[in-house]
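Per-chain numbering from 1; labels A, B, C, D, E and F assigned in written order.
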Amino acid sequence: MPIVQIELLEGRTYEQKKAMVEKVTEAIMETAGAARENISIIIREMNKENYATAGQLAVDKNK
Amino acid sequence: MPIVQIELLEGRTYEQKKAMVEKVTEAIMETAGAARENISIIIREMNKENYATAGQLAVDKNK
Amino acid sequence: MPIVQIELLEGRTYEQKKAMVEKVTEAIMETAGAARENISIIIREMNKENYATAGQLAVDKNK
Amino acid sequence: MPIVQIELLEGRTYEQKKAMVEKVTEAIMETAGAARENISIIIREMNKENYATAGQLAVDKNK
Amino acid sequence: MPIVQIELLEGRTYEQKKAMVEKVTEAIMETAGAARENISIIIREMNKENYATAGQLAVDKNK
Amino acid sequence: MPIVQIELLEGRTYEQKKAMVEKVTEAIMETAGAARENISIIIREMNKENYATAGQLAVDKNK
């Protein structure tokens, strides 16, 4: 605890994900006073056919 | 907001998913009074080895 | 299956939630071809101190 | 209901998952008094690039 | 890891929840080969107005 | 998108949550290249009877 789940569209590189978990962990340590080793982060990557806003799939945006 | 997460077994077509996010968005707009552009939908597809009911994996049903 | 999780800000009435689960169930039946009795819906209501967009808590919007 | 979501690192075999859903279902039946047919379990498998603890991706542990 | 999220209708006692997390942890240790200290369990309790099956809120069943 | 869900034990103040969503949003903007207005954060607070590690409820730790 805390447990963080980050849903985002697929396509980020390994380096981006590495930096993201480090920075998000620091952000939570600093503000919520949680210990570093207690923070878990799950990244869920989605393809554009599986995410929609305003009733439209991401894959159909800008067609 | 609202954020909708739909877990379902893999196998739906692009057209089915396209229609589903449109209809679910309309259903929520109509009943919860949310604005179209504020509604996000995440679809998570599972294979039959990763979903179980009554203690049995879906892949083992009807064997 | 399908399992739907709907996160939204607290404040909807019982009647709104009743209509929402009915309409969302119908939307999924019609488009994903799922049987009515197989569709589960979880509604999670959040207060404005527990939801943020663009780095700002909902409770702080329009202050 | 109950609905169980189990996040774990990928790599378990079909037999392990089969045994896990059976045992977890029994555990919940016994302790929460839920009926077997009402218990659903979703297994989400993650690769080591998508899970982090203490600010570090699992793929980078023990490098 | 593993991280378990259990959604269930409110009303279980402290003793039931205590026994449930113990038994579910053992079930996962035994079958998925996870270490006890690595297993986290989140219990989310819902009221009957926030859970629906077959398009009907749990609070409306058996009315 | 991205959508972040943060599960943590209840007890953080409004100020802590305000700072946390700001810092987590910045962390994700900087590393995943997401636009500020596209980042949503859900905070779910749990009481100690609803969270367990190593088979033991948080409320029972240090008894």
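In this section, a contact is a pair of C-beta atoms (placed from the backbone, for glycine too) under 8 Å apart; a residue touches a chain by one contact, two chains touch by 3 or more.
From a predicted model like this one, the values you see are computed outputs, not experimental measurements.
Engineer: Over half of the residue-numbered contact pairs in common: that is the test. Which of C-D, A-E or E-F passes it against B-D?
Structural biologist: Selected pair, repeating B-D: E-F.
Engineer: If we define chain centres by averaging CA atoms, which chain lands farthest from subunit E? Would you check?
Structural biologist: When every chain centre is compared against subunit E, the largest gap points to A.
Engineer: Between subunit A and subunit F, what is the separation of their C-alpha centroids in Å?
Structural biologist: Roughly 12 Å separates the two chain centres.
Engineer: When the C-alpha atoms of subunit C and subunit F are each averaged to a single point, how far apart are the two points in Å?
Structural biologist: Centres of subunit C and subunit F (C-alpha means) sit 20 Å apart.
Engineer: Going by the touch rule set out above, which residues of subunit F reach two or more other chains?
Structural biologist: Touching at least two other chains: 1, 3, 7, 17, 26, 40, 42, 44, 46, 51, 53.
Engineer: Judged by the touch rule stated earlier, which pairs of chains are there in contact?
Structural biologist: A-B, A-D, A-E, A-F, B-C, B-D, B-F, C-D, C-E, C-F, D-E, E-F
Engineer: Once bound in the complex, which stretches of subunit F touch subunit A?
Structural biologist: 1-9, 12, 16-17, 19-20, 23-24, 26-28, 30-34, 46, 51, 53, 58
Engineer: Under the stated contact criterion, what part of subunit A meets subunit D in this complex?
Structural biologist: 14, 17-18, 21-22, 25-26, 36-37, 39-45
Engineer: Which positions of subunit C touch subunit F when the two form their complex?
Structural biologist: 7, 44, 46, 49-57, 59-60
Engineer: Which of the residues in subunit C come into contact with subunit D in the complex?
Structural biologist: Spelled out, the residues of subunit C in touch with subunit D are 1, 3, 40, 42.
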